[in-house]
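You will see subunit A twice below: alongside subunit B first, and alongside subunit C after that.
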Partner chain A sequence: MNSSTGRKPTPRGLFGRIADHRLDYLYILPAIGVMLLVIAYPIYYTFYLSFFRTPPSLAMSDKVFNGIGNYITILTSESFHEVTINTVVWTVWSTFFATALGLGAALVLNRQFAGRGVLRGLLLIPYVISAVAASYIWRWIYHSDFGVLGAILNRLGIIDGKLNLLDNVNLVLPSLIVVNVWKEFPFAMIMILAGLQTVPDQLLKAARVDGAGAFHRFLHVTLPHLKGVMVITVLLLFVANLNHFTIPWIMTGGGPAGASDIWITQIYQIAFGRIRFGLASAYSVILFAVMVVIGYFYVRALTGNDDVRRRG
Partner chain B sequence: MSRRSYNAGWSLTGWVFLILLLIFAVAPMLWMLITSFKSQFAALKYPPEFIPSNPNLEQYERLLSPKNEVGRQFLRYMANSIWVSTATTILGVAVAVPAAYAFARFRFPGRQALFFSVLFRNMFPAVVFLMPLFIMMRWMGLVNTYSSLIITYLTFGLPLSIWLLKGFYDNIPIELEQAARIDGCTRFQAFYLIVMPLSAPGIIATAIYSFITAWNEYVYALTFLNDDQKLTLPVGLQRFFTEYATNWPGLMAASFIMSVPVVVMFLILQKYFVRALTEGAVKA
Partner chain C sequence: MFALISARKGRTLGGVGALLVSSAMLVAGPVSAQGSDTGVDPETWTPEYVRSIAGQTEPNTAEECSQVVPLDYSGSVDYWYVGPNEASPELEHKMYDDFWAAWEETYPNIEVNAQNLGYNDMLNKLRTAALGNAAPGVARLPILWGSEFAAKGQLSELSPEDVGYKTENFWPGAMKSVTQNNKVWGIPTNNETMAFIWNAGIFEEAGLDPEKAPDTWAEVVEYSKQINEKTGKAGYGLVARVNAGNTPFRFMPMAWGEGGGALDEASDSPSYQEVWVNNDGTRRAVQNYYDMYVRDKSVPVSALTNTQTENQDPFLANQLAMVIAHPSEYATMLDRANKATGDDKAAAMQVVDNMRYGMIPRGEDRRAVVFGGSNVHIFNPDNVDGDLDMEAAKALVCFMTGPEWSTKLAWVSSNPGNTRGFETVWMKERLDTIKFLDVSTSMLPSGIPFPPVAESPEIMNIIIPEMLQNALTEKMTVEEAAADAEKKVNALLNGM
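Coming up: the complex of A and B.
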């Protein structure tokens, strides 16, 4: 099939075929145009700028070529090590707990019971509201003087006195991860729930007839079917967390003493706080490189699914 | 342990887990609501009152009344947000529909590569593009305009919209269009009259997704807009917070008002939204 119009396929070279299909390209032109403008060009410009030392001004005219100087500055800076560890902790634990809670919720919600739809809706709300609102809600809950969490823990006798989470260098990152997990476990839940619905009922029934308990049915029938969805969910969450800006920025601004600073807040600080676009660009390229690797696996996971679909 | 009781135990664990998770998910929002009904003074009592002794709508009245400065500001931010989100949604659908259709129906060279390059955008949320885009918007004189935000938000939703809609077009039999062509429709008419209505659920799904994403977006709005009159709600909220640092009930009321449109829209159209989220990964 050549196209919907049923034009005859002409056995010509690539350019001939492109010419044959020139009208088809009109349909995707707006989409590709916008994507080029907002994505391709910025990628190119970030690379370009990352090799320049830029003066702290927004006019990019008097920049000086600096080779890989910016990269060396970042990789050898004192804070890079700590910020990288924070980034890994933030990304890995957020992804892990969001996926684990999402999986649990999806498994429970996958049965038929009254009120299932309402329950699913309630659990999804944190994902839908804005990260800004979520950040303020949790800042208020965590508040060291008037916070409700401190009050509850005091009443239960778990702690005595003030609960200081966001000003404590050891507790700040875990506290932010809780907020992030609260915000995104519903995403994992809904993805995995959709995946569960593709598990063939007959298989589960057959396993039950063969005497497999709930846990074994889950391990040997359900889980293998979920693999594809899980991989994509984890990858998407991982990237989203690696790039998550709003929660750390609004709740702590990276503080105290950089204890909740991650790559992305650091980049923003360098770019728009210190107005050092060259340096921030180099930082972005490093982050970018990490994401290209993950992106490769993402596309592979997506296309892999496609093959299964075609065969099945 | 017999299998029956083993399964029952498994099921009980599930219920307990679900209830705990529900508390975790809902309690913070409940606390936002409770706080928003308190006066500024009552919110700073310790230990806090779980049921406000003197509940009132003072905060809401202030935020939603154009008679005072705070209310005027808040309503302006809300209008800005509505405009940006609506424009993004409409443009997004207008751009995504033909592209998805082309990817589904036509076999032009480079189709696969272009399709995956569009999807690749999914991998790069927000901040990596912030700096170059900001510089670009300055060159084009778009800083402090809604256009800068609308153009940017457009690309957030596009990959997902295209992917989702392509799924719909793949499933619409090509014979329907061919029949329409035989009956004298042009290629465009066949598309507009036959295919568009059949893909309506997909269009609704992508529209909700675009709207909610645009409504909630923070980083670009924070960077591209600095004129006080032009801010969208998420950035405006932050402005409130810095100016009225101790007014937690006001902040909670503002957060609540800001959440209402997206939550209501989501609850009504949950089915479509869920579809938008999951379609990429699961094709049942």
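Coming up: the complex of A and C.
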């Protein structure tokens, strides 16, 4: 506005700028109030509670200040290391396979062929099914005694006897990852498909004219254009998997013998199974710290794209 | 310490002790004999005995409660409970409707603001309400829940004598569940135990006597193996899922029977300070589980992720021979069989016909079963929303814990907490109309409640199942799993 007068803008202080935008702040005040109530306060209270011992025999008002005792208890416990390994395996492999499968499906669906719309609809089904319903369905598919999968493999003569996936400490986590990937890959597919449709057609044509084959066109034209959306997809999936509760909890409850216990199921178990809200809060703070790091990279990925666009 | 624990366990009523108790019962009559610390003699409390005492009385509840709170008393009280829901049988709804109609007729000037909350919602709501000093005056809770509120000082002291009844009219096991620090914090409303159920058809197929249940846990292991070897079907319906109440309800009877326990809840005078989870008896029970699951492979492979609900399908499909379940399991199976169609229906009805109920097997030490049910509590006035009307609360508690309504409100799936209910005409009617009720009822004297301490849910729902899973997956040996559980229980009791 000042530029229209031809004068240099007068530098204003923080309060001045706030005063200038007072109406804007008024508009967003209700939203900020709600956020403070439902996000900021719970985060603060979780931090606060993480420094207290809250055994089930004590009322919450009688909680005992414990300093960083809860954090020490968690970080030095044998189960924490086991659960952390499970969490890393669950999160990394779920994210990797969901992204890879989503990329493959998106590349297929980006081509013109008969029935593409129907196939796209079919591939979206896992994503729109409720996670609870899907978990129960897969529990029966995998069931160690009467599972559909075991019955089919027996009928085909591939195995002889029972197929023990959920009650086997070595196979339970890979089996749950399969379910999770099945549930999540359509999300990656949709994100990447959207990204693919922004790849300039003239660049692909130019590459073809220059003699580049399909693989090289994908590697040197398509993939660089997908980089931004891929990074965001991976980060979103990573966060979602780190927080994913439904599938492992409903299908195995973290068992057998803790073989499918991940951070989030462990936190739930400590809070609502063992009634140790202080310990569960400390666990949540650790998870929160990891999420903040990932969130930082996510924001950087988002704003990085903005910078590129602005520079462009 | 272990020698001490072992030495304490010569506590079954054998020899002279059993003779004395039996004699006392003959002299004092059927129900008054239940008042001793050890309860009635399990050997005498048989299905035939339960039938023989039923139908002798028809108590007048209004008259009894008028001795506690005058019938013209005017007041009000809030009441929360887990009552019938959409899935409950019509008869249960009718009993509750009748209860409220009778209440209004008896105490027309006491207003009760009753809230029927779902089982899954109530505990957390009550915790939150008590924390915010907004608890109801009266609440009826599943047997294990009250101990947490008592430990936190959120309940008022309340014993049967406070509402005109006698402690000896209630099961000793049930009274243990409302006793903490030598104080009584509630009154049992209803109590039940599970029973041992088997498929006589599969027993016959496996060359076993179809009408005879295994008498000991060792026989259960043998039968399970024989059934699996001869028929290819699963023998015993073992469940070992973590964080599921089904697991301790089925494992603890075996552990107690073999002389073990979590704490010392199976002793005559439990302190709930001694840890028995790593004693000979508990290890023997874990070994039984190991033998069936790992060595013999005679139970469902899915036992580690199963609850009893998942056992119902294979049982009805004639693929599983033995389970531990509620008295109402027969009605559930019959209902499911009726919903089947075609050949499935005929097969399912055959299984229902082949269902047999028996006593829970005994171990080397005793016969035992988890003592379940509910208790009614009056909250501490400091934690109650508004002023607590103690007289109105007592009138309501008296009304529901008397022999009449403790029988009628438990009609479908439990038993009266007030043992005078067993002598009533209503109990006789139940026995005449509910199949196998006499069998599960006769298990009551063998009932042991879970420890009424705030740590109980963690011990029973997490530590015990984890011990089983560690052994059954061979992540640990039986001995290591029991030692690991002992370490966890000790840490828990020490406030870690």
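Methods note: the second predicted complex is superposed on the first by the 296 of 312 C-alpha atoms of A that agree within 3 Å, B and C clash if a C-alpha of one lies under 4 Å from a C-alpha of the other, contacts with A are read in each partner's own complex, and residues count from 1 in each chain.
The rule we apply is simple: a residue touches a chain if its C-beta (ideal position, glycine included) is under 8 Å from a C-beta of that chain, and two chains touch if they have at least 3 such contacts.
Being a predicted model, the structure only gives us computed values, none of them experimental.
Colleague: In the superposed arrangement, which partner chain does A:Leu101 touch: subunit B (first), subunit C (second), both, or neither?
Modeller: first
Colleague: With the two structures laid over each other on chain A, which partner does A:Leu119 touch: subunit B (first), subunit C (second), both, or neither?
Modeller: A:Leu119 contacts subunit B only, not subunit C.
Colleague: Now for A:Ile28: first (subunit B), second (subunit C), both, or neither, which partner does it touch?
Modeller: first
Colleague: Counting residues of subunit A touched by each partner, does subunit B or subunit C come out ahead?
Modeller: Per-residue touch count on subunit A favours B.
Colleague: Could you look at A:Pro174 and tell me whether it touches subunit B, subunit C, both or neither (first, second, both, neither)?
Modeller: In the superposition, A:Pro174 contacts neither subunit B nor subunit C.
Colleague: Can A:Ala131 be said to touch subunit B (first), subunit C (second), both, or neither?
Modeller: first
Colleague: I'd like to know which partner A:Asp145 touches here: subunit B for first, subunit C for second, both or neither.
Modeller: Both subunit B and subunit C are touched by A:Asp145.
Colleague: Does the superposition put A:Gly255 against subunit B (first), subunit C (second), both, or neither?
Modeller: Only subunit C is touched by A:Gly255; subunit B is not.
Colleague: Considering only the contact definition stated at the top, list the common interface residues of subunit A for subunit B and subunit C.
Modeller: 58, 60, 143, 145-146
Colleague: Using the touch rule from the top, collect the residues of subunit C that touch subunit A in their complex.
Modeller: On the subunit C side, the touching residues are 131, 148, 151-154, 234, 241-244, 300-305, 313-314, 319, 453-455, 457-458, 461-462, 466, 469-470, 472-473, 475, 495-496.
Colleague: Residue numbers of subunit A touching subunit C in their complex, please.
Modeller: 53, 55-62, 73, 139, 143-146, 162, 164, 166-167, 169, 251-259, 269, 273-275
Colleague: Under the touch definition given earlier, write down the residues of subunit B that touch subunit A in their complex.
Modeller: Going through subunit B, the ones touching subunit A are 3, 6-7, 10-11, 14-15, 17-18, 21-22, 24-26, 28-29, 31-32, 35, 43-48, 94-96, 98-99, 101-103, 105-110, 114, 116-133, 135-136, 138, 151-152, 154-155, 158, 162, 174, 177-178, 181, 187, 212, 215-216, 218-219, 223, 233-235, 237-238, 241, 248, 251-252, 255-256, 258-259, 262-263, 266-267, 270, 273-274, 277-278, 280-284.
Colleague: State the interface residues of subunit A toward subunit B in the complex, per the touch definition above.
Modeller: Residues in contact with subunit B: 1-6, 14, 17-18, 21, 24-28, 30-32, 34-35, 37-39, 41-43, 45-46, 49, 58, 60, 101, 104-105, 107-109, 117, 119-126, 128-134, 136-138, 140-141, 143, 145-146, 148, 151, 154-155, 182, 185-187, 190-191, 193-195, 197-198, 211, 213-215, 228-229, 232-233, 236, 239-240, 243, 245-246, 250, 264, 267-268, 271-272, 277, 280-281, 284, 287-288, 291-292, 294-295, 298-299, 302-303, 305, 309.
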